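Below is a structure I'd like to ask you about.
Chain naming follows the written order as A, B, C and D, and within any one chain the residues start at number 1.
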Amino acid sequence: SKLSVVGAGAVGTSLAYAALIRGAASEVALMDINEKKVRAEALDMAHGSQFLPPAKIEGSDDVAVTANSDIVVIAAGAKQQPGETRMDLAEKTVSLMKKIVPGLVEQSPEAVFMLVTNPVDVTTQAVLKISGLPDGQVFGSGTVLDSSRLRWLVAQECDVAMSNVHAYICGEHGDSEIPLWSTSTIGGVPLRQWEEQTGQLSFQRRKEIAERVVGAAYEVIEGKGATNYAIGLAGTRIIQAVLRDEHLVLPVSSMLHNWHGISGVCMSVPQIVGREGVIKPLELPVSAQELVGLQNSADHIRTVAASLGF
Amino acid sequence: SKLSVVGAGAVGTSLAYAALIRGAASEVALMDINEKKVRAEALDMAHGSQFLPPAKIEGSDDVAVTANSDIVVIAAGAKQQPGETRMDLAEKTVSLMKKIVPGLVEQSPEAVFMLVTNPVDVTTQAVLKISGLPDGQVFGSGTVLDSSRLRWLVAQECDVAMSNVHAYICGEHGDSEIPLWSTSTIGGVPLRQWEEQTGQLSFQRRKEIAERVVGAAYEVIEGKGATNYAIGLAGTRIIQAVLRDEHLVLPVSSMLHNWHGISGVCMSVPQIVGREGVIKPLELPVSAQELVGLQNSADHIRTVAASLGF
Amino acid sequence: SKLSVVGAGAVGTSLAYAALIRGAASEVALMDINEKKVRAEALDMAHGSQFLPPAKIEGSDDVAVTANSDIVVIAAGAKQQPGETRMDLAEKTVSLMKKIVPGLVEQSPEAVFMLVTNPVDVTTQAVLKISGLPDGQVFGSGTVLDSSRLRWLVAQECDVAMSNVHAYICGEHGDSEIPLWSTSTIGGVPLRQWEEQTGQLSFQRRKEIAERVVGAAYEVIEGKGATNYAIGLAGTRIIQAVLRDEHLVLPVSSMLHNWHGISGVCMSVPQIVGREGVIKPLELPVSAQELVGLQNSADHIRTVAASLGF
Amino acid sequence: SKLSVVGAGAVGTSLAYAALIRGAASEVALMDINEKKVRAEALDMAHGSQFLPPAKIEGSDDVAVTANSDIVVIAAGAKQQPGETRMDLAEKTVSLMKKIVPGLVEQSPEAVFMLVTNPVDVTTQAVLKISGLPDGQVFGSGTVLDSSRLRWLVAQECDVAMSNVHAYICGEHGDSEIPLWSTSTIGGVPLRQWEEQTGQLSFQRRKEIAERVVGAAYEVIEGKGATNYAIGLAGTRIIQAVLRDEHLVLPVSSMLHNWHGISGVCMSVPQIVGREGVIKPLELPVSAQELVGLQNSADHIRTVAASLGF
């Protein structure tokens, strides 16, 4: 199977590196407009081939390098600058997508397209339209990363393995995202009971955790100028769910049609992901308050998308 | 880290094989009274070393081969015969444990002891007493296997990835075990809602699934004379949770002290498992009906244990 | 990718189990004439799915279960009995292949076929003819296992990692096989120099090691009635070389055409293995004495094959 | 087991990321003088924990974070600038080591120390003296990376799996390094025979390949401003050899005592690496011409080291 990564920046290369170490694909192509850089990145990974599962690795500024991909990850774009909101990036990103997406679709009309470039929800919505592909074939990495951050914070607080924390943060991958505490469980124990039994995860603490998740990207960017490692791992996990047709539930960003009444916007809710891309959403119950939050988040994305003509 | 497996039969060797492939321990010792067999089993695995992560592999009928283990898995015993219930095996098993456990504890006083030999709950209870070790250091593989069977059946029915099915079957590893449907979720969706939304997992269907889980061991034994592969995988997962100190929630069988009022019996409920063994149980909410089932299961184990003097 | 294993005995199931743990294929089908057993084996593995990379697992006595395989492994047959030579099994095995191979080829005309059933060289030669497939598409696991045994013994003697021992034992998978010491190296050091430097691996010691390799199967069968774990691992490694198109050098058994003058016989020499099966042999230099040994081995296989009409 | 990485730059973080994905250690500590950056790097990795084998991840500018490490990797330093030779960096690097090494040794007196900072050979020689530790406990990643580059180029040329190419490039990790063609083999076939049989790897081609290896770092740095991914993988492989006590042969840089007459200098020759660090060198035969090259390489390192007072 072939994975193409468009945009060989901090995010794209960390993702390709993780995917190669995991053996997620037998062919990995990097594409970037910066020819020297993309060749060097591919070469640097190929130099480590002795320590990787077998895979063909290529890098080029020619879109043909992505031909016949099974999955195309788009991480091209500008780094989020300290202070800049994800939405600020919207306009430049959308023009970039108009330029690159048609060529990518031409090279790999059957591929699943995963957007990573921010603002990921608006970008996904734009690319869905630009590409003319069916809904399920185009989606964004969405809040898979944010949910991982949430679970890590909860696991630390409760001193249990991360795989025992089941919690989603949904909506916009950005400031308006909403943790869905009402259906969260720890080892099967609903959050409310966990709080009663242990005193952990009080209302106040949950608020702090949610704020830390929302602020996480800023916190990391402030310290190192980018976030790349966690998104590389989250992206690789989504890629595996697609290429192995796992039917795995992941909060990716895709076009909603009456999900708890929310329609006509790309944002993250728990979706079943497999070989064809997004298969269908889960009808996860949400509290009234969570629903209001998600509606606000949807409105926010919709407004930005509309202002950009999508 | 060192893993010892006592009883190099179908179960013990499948478990050691899976653990070696996974690289779960850097040293694996097999111990069995059948000297020729145990040497041959260790030799057969060592012959595949080229294809395994580095590990030292030994086999002997001398208990000294287990010295200084971090975890000791006891799978010695008789195969469950077609027709025979797990409880029928109790008496011979307990005498066997009286013979072998003191020597094993002498060799590895700091080790965590995991029982696999059936009837696993009663055996665990007996070994806890025979060994004189603290509660958490001795436990049985319990219903980790049964819960995996349950999840597999549910995942098939609902066409989602197995990792999205969160459901425990608890109590006795045997005919009286109880699926805890009331806290089961699929990708975060509580079962009741899932049923309403999809029509899947109706009361009738849940009953059938639970019966298939209870009957699974019989079904496999009927066809192949033993069950070994799934328990090998389940056992390896538990071993990893211990050796990597994961604080992972697993329904292992261990001594209960007022778990929803149940005390003084070894049976499976969700427990946090780490380097020291069983750390503490989760107070998973149960329905009134589930509680009655679990109490019956506890009574059943208690009765057999008592009749054997434990 | 789809792996089918024909013959769900000790060897076939250990191989399928290792392949599942490794995630070597996304679909694994077991086929055996013993319907109850093959269903039970597949069920036993499926019950452990929670602990495996995602894969579809099936078991049936209907050859249709193998349809559209990428690789078919044939391990059907009788266990080697204590005392019985591999060649004694030849006649029953060949009749078995006549019965099952046409149906398997019909189901998966594009598949690579790997024989494991003993005597593996003669069986490969017969199946090549019976199937009517091109040479490279049919091969036997050959002395990949034996070479692993050889390397393990050498690594133990020299106290280096197994991956630093490069040595093949070639020819018949059986009593006439020949270790190719003249090209063996340890961490790059030719054997002769290693012996001079360390005193290890003297002529006498090499003879003992070669004898232990030849006797290894007997030694294990004597102790446990079968060999299955090492062949399961060796077979899985070959499967990965095929499915990932690795162009990996492996001493598999396939039809030779003037390899150091040896022709018209299936036996093991170092071959490049990839997606299409056996691609071509390496022209590994051999000493005069090694060549004589390999010619004898070839004659031996040829005689048995001829006596069976191949 | 605990891995500490000192210097959370491009190299240190790529190495930590690869080590976490591989599950090479149960605890990974990053240390850097840039407090904000090192916290952000650790946080970015921790945010991906959901997708990693269980491990504790920390980042700090306080050397205490490295306490009780099993292995300490030193990758602190300045990036190699385009145009700058590795030796140009020597002086600043040595002062840096004088500042940080004593504190690291105090925190983890039992740890194995692996140097990555360039010029790696001189730095290793300096750190060996500064630390006061025994020879085997301090070594540099040396030409493990360069040998991987060499093998990749040879594998491409010959169209075989990388694991079938056995070739070392030894001496200085830098311009004077020497490929040891005389003992190189491909699938066991000595290079000379391979050339005769295939016409590949002619004298001219080997020269080009060697030049590309020597130029590889410059090529990558020219394109992307650093090399980090391949060294991350190579470093992780060495770490695993140490932590799993593999006795694996690797061309790491360590103090030589009469290796083919070369003494009193840290440079790379094939060494057996295990839990205690470098155990002993292999007496790999070298041609007269190769020896001259290695002596020159040694002289070069010795001169620089001497000019810095080591």
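We take it that contacts are C-beta pairs under 8 Å (C-beta built on N, C-alpha and C of every residue); 3 or more make two chains touch, one makes a residue touch a chain.
On a predicted model such as this, the values are computed, not experimentally measured, just so you know.
Ranking every chain by how far its Cα centroid lies from the centroid of chain C, the top place goes to A. Interface comparison, B-D versus A-B: the higher number of contacting C-beta pairs is recorded for A-B.
Note: centroid distance chain B to chain D, computed from Cα atoms, is 44 Å. Here the CA centre of chain A is 37 Å from the CA centre of chain B. Counting partners per residue, chain C has 54, 161, 163, 246 as the residues that reach two or more other chains. Because contacts link each chain to all the remaining chains, their graph is best described as complete. Of all residues in chain A, only 159-161, 163-164, 166, 168, 180, 183-190, 193, 197, 241, 246-249, 270, 272, 282-285 touch chain B in the complex they form.
Across the complex, chain A is touched by residues 26, 53-54, 244-246 of chain C.
Interface of chain A with chain D (complex): residues 13-14, 17-18, 21-22, 36-37, 39-41, 43-52, 54, 145, 147-149, 151-152, 155, 161-163, 216, 219-224, 227-234, 236-237.
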